[in-house]
């Protein structure tokens, strides 16, 4: 037998209902049940081994980096839980067949249910910590789906969300705890971990680990103060409650306590936290249960209370208490599942679950009533029923503890109070529903449910009785095996008999029954007392808390992310300043000295440049003037490049600058002509100016340091290899088209993309065109001054010739494809300027974006050409030829590349300008002069 | 040279060629042809990425000397495992986003397909390059393409968001050049390996300069990655973009993170002498705050797209915290998390797009609206993606998160890191549960929206969603690769190869 | 000479950044342009300043560092493409949003008339 | 002698540049400023030519040529802007 | 380099520089826009012409080949300078800059701005 | 406007020649550049022919040449004039607008005429009337308006009319 099959069969089973849904509810339910039933059979087949104390383990590697193995084991505890999960699961499948109506998505429901079943099996069978957590979270996920099955219902949505949030948070804590455990033990194998209890308990991290793991367990098991999600999860269809909230999901929490009992228990901290949590949950749950008018609400709080009881037992740190806990897990699962199912039947048949209107059902559904009453009695801890046995053990164990010192007596007393409350709410369940007069206005006329809907309840109640009467015979071996697994040690002696003689626990039971009955009898006073306190709806509170957090997050977010680019830019620059400026504090500039004294030209240039820059800023409100100043700056920068031995740069900067200015002028027409300065607060000016100055200082300082220090760079290589390796004497150009041709390819790609992007920006743009200029003067009449047109036309061939000249000499002298392209483009722009877009578009039929494409393609192909010669991309080739008349000349692949650059530049520049110009084809209203 | 010898340059050249052909006749202006061609190119790119990964696995790191000029003089491309993983991630992302767009979004403006290809070219180049200035160039390619793609479809919101995005990045580009100038001026070289080599032997008086330059780069990468306080552009930009574009953008923040690994993890990494790990001190608190800001954003989001955009910020914060912790194990874990978080963000953007289509006027805002006609499919998609992003089993999110937690277990920053990640997970859980239940279940009246979802959109989403279980099922091999990548990064194998 | 050069670069950066922070797209573009001049000079200066030494073989006795020049050339072209995009984007912003403010506040532009946001069409 | 002449000429051109920039600063009108910049373009051409002569290098010629070509286009664009607002209508 | 070439080149240079300076002085000194327009249009153009001639002379001698590149710039400037001046004048006219001149001039400005033929009767229209 | 299209190999032989010479001037007078220059000189005009309008051809090239040198001389003279005005006392200037009635027609002739006026002593052409019958000219110093107009018409308009035959 393969252990993997146990969770694997239901896993496959998730799909079964989806495919069988259309065959009808009977077929669907039957088909769905098949695989879990097989799984159950497999579990049962392993019983002999398990009862012999043999632990079966199987594993497969999965993600070693995470120490996540696909690893399962089957010990007593796992066996017990598998039985509950599969057994009760099968009953719930049967029950749900009748519970859900024809109209509902039965397939989806079963699918979720099986998904949940798989997840639960995974949890209880995992022998790898991470895998355990994996399935643990899956239970939260699938229970979310189940609770929210009626998602159109607000309560269902909110309940499911709350359940997910709380159990999810617990899951996160658990993950942290498990990782810490794994790290501490050095293994994520559960078997290894279980044997390393001492390492963990003695570790300094023990309190943290304990809190994290308990966080997982308590949230899942709805322990106080995390209990509030469970009642709201009752918005789920009742089969879900019967399954999740009695036998399985909420038990996952106590399962975790049981699983890690050998590792984490037996310390004072454990005792304090677990016992007190359990105790308060026990009391609180039982007390509130008493006041719930909703049938399922009562059961939910009773569940909370019983989970508290189990937790309390685990907390007591005695072996017998742990055994009692395991026993109560079984018992509670059985009677609570049957009670939920009964409640579901009542709800189903009456159309309501409100005990204030449901009365006297004994008359209408005697069989169901009997079953429910037996189960309720078990819940109350009445002898002859299973609930009584574990409660007796519980009372007994509360007496055997002393960690609270002189206050230790409180625990048994409070336990008895809890017992009394349980009796009271059980009584209410029985009396208020089945007796207490006639039903009030309920939507349906109640009668017995369909035959097979009752079967699951009958089976479960039968178990209650059988276990209650013949405990040793029915659950003895199972309990032994499970307890052994929990304790991870040989079992102490204990007796599972119905009668232990008259002892203190029996007295406590008696007191509980009497007190509980009295309490119920005087319930009206109690209800009146309770009515003084406002009822706190956890859902509303939770909702309000989450909403409150979201609202304040929204406010904070709006304050921080205020939509001001100014602020974002300021932050970016400030951040950059801090990053670049901080290291400079330790820069010692004294070792840096000037090498060249400045001459007159340089000084004048500097003055002009500074003047131009400052004037640009000062005039930035009057944009046209600022542009003029900026264009001056551009020219001076170009001249500076020429002066500082960079002719190529000078040419490029100059041509780019002119095209840019033209572009800005074009744009300026459509933008406000002046910036409104009165918007800016003086304090902002000071702030911005300070930042700008600081950044400027940092940049200047770095620049000075770089200029005055010797640099050992790779550039000598370029100077040495330019002619021999690249075939050109203009080293800058050879770098561009050869050594770093890849950069240039990228650069023209940028240009091409920008043009395409601009084309997109311009598409469908409608702009406000001022009919007067900024001083409210109407525009001049003449669109295209004649002499400009004439002169531009005659300059065009000349400009093209010059661009050809610049292009061809680029490899050896200043120039190259880029500058030539810009010169051509500028010459054509001049034509646009002189004649207008319309005139040009009639005459120039070139598709500029095709031109970009061709340019890029040529550049790319010139690079790919080298593949034919078994060289890497962009490897250049050049050679010298001679022809009769022409003489010797050079041909180089770099020139083809440069041609690509040339075409791309022209295409991109003109695509931008020509389309920009098209915006204005709409005629402006000519103003009267 | 066989084609396999050129494999490192193919991920750049293929999209470039495709983009060029897409703007030329006969493809130009024929939307159906363009679609088929672009998808074919994407598929080819995916194949090449896989091939590259296999090649690196078999033959080691691939170094490609462009123009046959050896490093450090020429530009070389260095394809190590990390780069190859990023390329593979990009191609999966590209393919699914592109398929989604082919359902009709691509026709809502011009040049979508070529721009998309250019974008891929830029991203791939940024991942592959081994040269600082070339990195700048590829950054600019991917940026300019993203500027153009972002406004695809037009409209007020996009313009507004694009203005922020473009101008901030333009400032960033300017800073990038300042940084490059400073680094070239002190180190005298641009090749990563050579730079790393020279950083170690820098004279003391030049250390502050190199440090200033290096840290300035952090600002630029931080801007790309959306590190606080540079993250403000992200939510609006990503949420305003067309779904397919937003999905592709999911990789863009990761380019920033990848670059921090490359530059600050390697050039200024362990062996950098006095400058070793200089970025980490800055990175740690800021990454933490980024994550916090992401959480605030997630809580504040009132539409699915904004929510997803803020989730991206959370993932960035998480990753950068991991980067700041700076161990081999953390890096391996972070790489896995990066792959997963990128895919899931993309998936969520696509899903948000579909939701927006389906809900009529309510779009993807968290308000009550008419019922979605067939909520099951898209709801399931959302549910899967949400589980993944929260980090819940059975999808890849939990692996990423658990790997990160596990890898930091013995680090001094552990408590903060764990706290941050776990709380962020909880916040995502709460908000996504709310979002999902509102979008798919809360409805008003009995009217049902009539729009249906085109098949290609579904295909796009499904491809991404399929990655999540696969990343878990094949978690073993994948984590092996991420560990190999981290090892190459930390043992300087890439450097040695790049300096050849 | 170096000090003056550096001062110039610093001042231009200052001016550029100050303009960038003025809250209008147009001033932003101008600021960027100014900064790009500054950054070009900065990048160029990273290789040191040389007079009468163009990097053209056979035309001078010594040669300036050609690499920064090549880098600046690339930077200029890319900067041009970016500026062009930014300028048109500023126009698009005016068309779609009715003003050219980027300070996140309500527009106060008297010339602006609210226009219909445009859709990009083929 | 030529060197000295070049230097003197250079000085004069620089003074001219400064004078032009004064006009640029004071204005008072935008057209005034445009002339100032236009004149500065031409002065720059002279300066570059003088530089070429001083250094004995023909490499600067193209710079001068381009300034001549582009300066004119730039000036006409500015004027066109003042006249019609839209420069390529 | 022969002395005479040096002398001629120097003279041309100084002359050129002088005229350029003259143009700029005019630009500063002259009282209104239109008068200022005269200075650079003429003086600067001539100045640059002379400088270019000097350059031509020098390089022709140095390289031993007849280089007339400089003539190209000269030609170019002589073609464009008047066009630029014309455009500037038009712009100024449109811009309504203050113009010095008698009644007749003011009247003509108004007509010119409208691109209308001149009228002989004096107009009331005031020009700002 | 008529769109000029010429499919002849040399659409404007004069242009081609000029371009060829310019090419040689830019480079050198080597055989290689003569061939290359010829290609360009023929190719470029062909390429731009859609963008060029029909232009009247100078019918009397010799007169044109004389006119050219005359203008060149006038430019020198005008600059000396300028020098006096600029450096002399500003207050004595009598600037103002004059109007020149035009007999000339055609775009190219008018362009040459206005350019000449702008380059020569004391005048800058400002604006045409819409019908291109009048030219407004700004004069730096007006002594005798009539004489000035007459001088302009006689010295510049007359020869241009002769050159272009209109």
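Should a chain be cited, it is by its letter among A, B, C, D, E and F, assigned in written order, with residues numbered from 1 in that chain.
Criterion: contacts are C-beta pairs under 8 Å (C-beta built on N, C-alpha and C of every residue); 3 or more make two chains touch, one makes a residue touch a chain.
Keep in mind that what you see is a predicted model, and the values were worked out from it rather than measured.
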Shared chain contacts [chain A and chain D, defined touch] = C, E
Just tell me the minimum hop count from chain C to chain F, counting one hop per pair of touching chains.
-> 2
Chain whose mean Cα position lies farthest from chain F | A
Kindly work out which chain lies most centrally, taking the average of its C-alpha atoms as its position.
-> B
Expressed in whole Å, how far the mean CA point of chain B lies from that of chain D is 49
When the centre of a chain is set as the mean of its C-alpha atoms, what distance in Å lies between chain C and chain E?
-> 32
Rounded Å distance between chain B and chain C, as computed from the means of their C-alpha atoms | 27
Using CA atom averages as chain centres, what separation in Å is found between chain A and chain F?
-> 74
Which residues of chain A are in contact with two or more other chains?
-> 563, 565, 567, 569, 573, 627, 643, 647, 666, 668, 699, 702, 706, 711, 713-715, 718, 739-740, 743, 747, 750, 753-754, 757, 760-761, 763-764, 770, 779-782, 785, 787-788, 791, 794-795, 798, 802, 813-814, 916
Listing for chain E: what residues touch at least two other chains?
-> 25, 37, 45, 67, 69, 72, 76, 79-80, 83, 86-87, 90, 94-95, 113, 115
So which bits of chain C are touching at least two other chains?
-> 20, 25, 28, 42, 45-47, 52, 54, 56, 59-60, 67, 74, 78-79, 81-82, 85, 89-90, 92, 102, 118-122
Those chain pairs meeting the touch criterion are A-B, A-C, A-D, A-E, A-F, B-C, C-D, D-E, E-F
For chain D, which residues count as touching chain E in their complex?
-> 1-2, 4-6, 8-10, 12-13, 15-17, 19-20, 22-23, 29-32, 34-36, 38-39, 42-43, 45-46, 49-50, 52-53, 56, 58, 61, 64-65, 68-69, 72, 75-76, 78-80, 82-83
Would you pull the chain A residues touching chain C in the complex into a rising list?
-> 562-567, 569-570, 573, 594-599, 602-603, 606, 609-610, 613-614, 616-617, 620, 623, 626-627, 630, 633-634, 637, 640-641, 643-649, 652-653, 656, 659-660, 663-664, 666-668, 670-673, 675-676, 679-680, 688-689, 691-693, 695-697, 699-704, 706-708, 711, 713-715, 718-719, 722-723, 729-732, 735-736, 739-740, 743-744, 747-748, 750-751, 753-755, 757-758, 760-768, 770, 812-814, 818, 908, 912, 916
Complex interface listing, chain D residues touching chain A = 10-11, 14, 17-18, 21, 24-25, 27, 30, 33-34, 37, 40-41, 44, 47-48, 51, 59-60, 62-63, 65-67, 69-71, 73-74, 76-78, 80-89
Residues of chain D that touch chain C when the two form their complex = 55, 57, 59
Spell out the residues on chain F that touch chain A in their complex, using ranges where they run on.
-> 1, 3, 15, 19, 22-23, 26-27, 30-32, 35-36, 40-41, 44-45, 47-48, 50-53, 55, 107-108, 110-111, 114-115, 128, 130, 132
